[in-house]
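Structure in structure tokens, see below.
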Amino acid sequence: MAKIIDAKEAVALIKDGDCLMVGGFGLVGCPLTIVNELSQSHAKDLTIISNNLGEPGKGLGVLVLQKRVKKAIGSYFTSNPDVVQANQKGELEIQLLPQGTLAEAIRAGGAGIGGFYTPTGVGTKLAEGKERKLINGKEYLFEPSLRADVALIRAYKADRLGNLIYRKSSRNFNPMMATAAATVIAEVDEIVDVGALSAEEIVTPHLFVDYLTVKGECRL
Amino acid sequence: MKAKEYIAARTAKELQDGDVVNLGIGIPTLVVDYLPRDVRVFVHSENGILGVGPSPGPEHADADLVNAGKLPVTVEEGSSFFDSAASFGMIRGGHVDVTILGTLEINQRGQIANWAVPGKAVLGVGGAMDLLEGAGKVIVATMHTNKDGQPKIVKETSLELTSLRPVDLIVTELAVFCVRDGRLRLIELAPHSTLEEVRQKTGAEFDIEWRENMETKGV
Amino acid sequence: MAKIIDAKEAVALIKDGDCLMVGGFGLVGCPLTIVNELSQSHAKDLTIISNNLGEPGKGLGVLVLQKRVKKAIGSYFTSNPDVVQANQKGELEIQLLPQGTLAEAIRAGGAGIGGFYTPTGVGTKLAEGKERKLINGKEYLFEPSLRADVALIRAYKADRLGNLIYRKSSRNFNPMMATAAATVIAEVDEIVDVGALSAEEIVTPHLFVDYLTVKGECRL
Amino acid sequence: MKAKEYIAARTAKELQDGDVVNLGIGIPTLVVDYLPRDVRVFVHSENGILGVGPSPGPEHADADLVNAGKLPVTVEEGSSFFDSAASFGMIRGGHVDVTILGTLEINQRGQIANWAVPGKAVLGVGGAMDLLEGAGKVIVATMHTNKDGQPKIVKETSLELTSLRPVDLIVTELAVFCVRDGRLRLIELAPHSTLEEVRQKTGAEFDIEWRENMETKGV
């Protein structure tokens, strides 16, 4: 049974030095109420696994300006100049993965898989330092799976057990991140009664979800 | 109460409210019938169900709704269906709190052999290895001896191990053992069971570490 | 756009020596109309990837009795004595995988992943001959992914494009198999108009599905 | 017709009815506007959509419905949503028939560099490498020269390659090249384009293999 908490309580679960997964593709499907609250808190030295780090001054971008992100693992940081600048100044370490490799590594982490071989990136700059393996005559790169201390995800509706459904393209990284962290907090539009979501439509079964937070007013 | 029912009832006491539990076939399936009213668990079935409910009457059986033992089941409110890759992701990924399994043999270090049938080619494993690997807690619920009256708990198993991981708890009609640091520890006797009988029907060494309620019983 | 064909046409797509994936957990979620038709056909030397090989004289069990299965890859064959016997006689090669490893290998095959590391089975008889790897101090076994020439799967409803939904626990191996074969044939209860299935509920998007066959009367 | 529109219209002719197509940002996005009536394609967006439709008016934009360029889109009947792992499983697994991409540079062997921006730290790759790896056919739809008027098609790229895999077709406002056996082959000139202009604005060697319709034009 997921516990219902507010954004302040959600953020209080995050400790200095934690590794966070944060859902979203840009700001779409990002748990902005919790991320906004996080920017009001003091947790620092964070590692953040997320496709992007928000936009300048928005979403996770705020944490970057506050110099509270130690390392970011994602696929596309170019669209936020603050991230690029922080990286150039040596304030922010960046680990860049092809988007499909990032998504797969998170899924693998949640599914108890230690790592996998992807053909993506073979022979490119992003293959540097990675173990290579020939499988059936084709070359692949080893990629270890990813896990986090806390996942902050965004869903559309939850029932009181914590079962989740998503809305349109805001699904993106959220269902995998729900599986891959020790503590999973889902920000949702609405919490409905158990039984209101059908067994066939549930995308994230409740066994993955620890806490629910209802989306609030969110200045952006 | 018959032996199997006793084992199921005793095992039920190990479950906590809110646990996600995967049940093997046989005695483990009976465990949920003995849960106290204030303990609700969520039964996971590795063929793709979270929220398995009681068996339906034959007239309500749905051919598309079976558990991992291929028996008709029902589902409770808040249940969900998913594919086998997702289901075993839950198991390996540590999202199932407890699994309750039967076994053929248990060795002195608490490792079990519950997949390879004696004297037969090894042609079936199912989800046993995944459950041993990934479940938060593994409880074996089994008769103390096999059909021939021979101990199931032995120094070394004659059959292939299911996993290198020792189980956490063993519940039989005679006793309860926990496994810690690679050793079996007898923590409880069943009513009407004696230490002598347990010694006689157990083929492995074990320590004795009575739990508090046993000590007060003056064993 | 998936092409609608009958079971005879479906079976005609299978050639001698093909590797087939066949959905189902026992007979639940198995495309029995097509399998039944297959047992009337002549394709031989088949490799079959399926959790089980039916039951004695039922489903894929018939093909075993007809000695048309050269090799089976699955997790649980003990419940069909005909399979055990055929294997003992040396007529049927069996590759046994833990059920989670089987499911993951099929998913990996469909997702272009060459192979992966699972902790399941380490130190057991099923680890024999498998490459081992330590990842973050934990031991894992390498498992290559699986693909097939033809996948025969079972779904509940399809729309005319080939989008699929499943019913209850008959989902099992079918969605992964839909991704992992050169030719995918889905047996369904019903084919509905495009738009009748919602974008959120579709489990298998149509880009995976080549052919649809409506379930028929099926002697079992 | 302006150059970009010409490129989009010419590229559209390469698509076949029923194709599943992933479109990069920029010119590739325009391609679907030029499809003949009898050719219907299904647009895949790697952020989790199959069946992307036209852009909505600003008043109909849905904040939860964007394409991989983060622009508001609509969906067509029969569309579906899925997570990023499933989406890239489709791409790597070979289930997307065609991808149409822009590029910064193309080398003489048909390999492209379209992710690492010149003179900047390499901090963004997105889905480009996965698409190059997994799509059935890769078409580059690009202006022949860059903003400075320099050739994009060069002997060796100065930027990091996106993949070792060569693309299949290159469509510019001047010409169409196919790539076979690691060589560029000029197969078509755009109207008003001349072989001389193509040679002048191309920084790499290429063979000439006119397609039939070009030969009849007497080039």
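Note that the chains take the letters A, B, C and D in the order they are written out, and that residue 1 is the start of every chain.
FYI, a contact is a pair of C-beta atoms (placed from the backbone, for glycine too) under 8 Å apart; a residue touches a chain by one contact, two chains touch by 3 or more.
Remember, predicted model here, so these are calculated numbers, not experimental data.
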| item | value |
| --- | --- |
| Where chain A and chain B overlap in contact partners, by chain label | C |
| Distance from chain D to chain B - Cα centre to Cα centre, in angstrom | 56 |
| Inter-chain centre distance, chain A versus chain D - centres from mean C-alpha coordinates, in Å | 29 |
| Rounded Å distance, chain A centre to chain C centre (Cα mean) | 32 |
| Interface hub residues of chain B, defined as touching at least two other chains | 75, 81-82, 85, 88-89, 91-92, 133-134 |
| Residues of chain A engaged with two or more neighbouring chains | 104, 107, 111-113, 118-119, 166-168, 199-200 |
| Chain contact topology (line, ring, star, complete or other) | other |
| Chain D to chain A touching residues, read off their complex | 45-49, 62-68, 70, 75, 81-85, 87-89, 91-92, 116-117, 120-130, 133-134, 160-164 |
| In the complex, chain A residues that touch chain B | 1, 107, 109-113, 159, 161, 163, 179-180, 194-195, 197, 199-200, 202, 205-208 |
| Interfacial residue positions of chain B with respect to chain A in the complex | 18, 20, 42, 44, 50-51, 75, 77-82, 85, 88-96, 133-134 |
| Residue ranges of chain A touching chain C (in the complex, touch as defined) | 104, 108, 111-119, 133, 135-136, 138, 140, 144-145, 165-168, 199-201 |
| For the chain C and chain B complex, residues of the former touching the latter | 25-26, 28-29, 51, 75-79, 83-84, 87-88, 94, 96-104, 106-107, 118-126, 166-176, 203 |
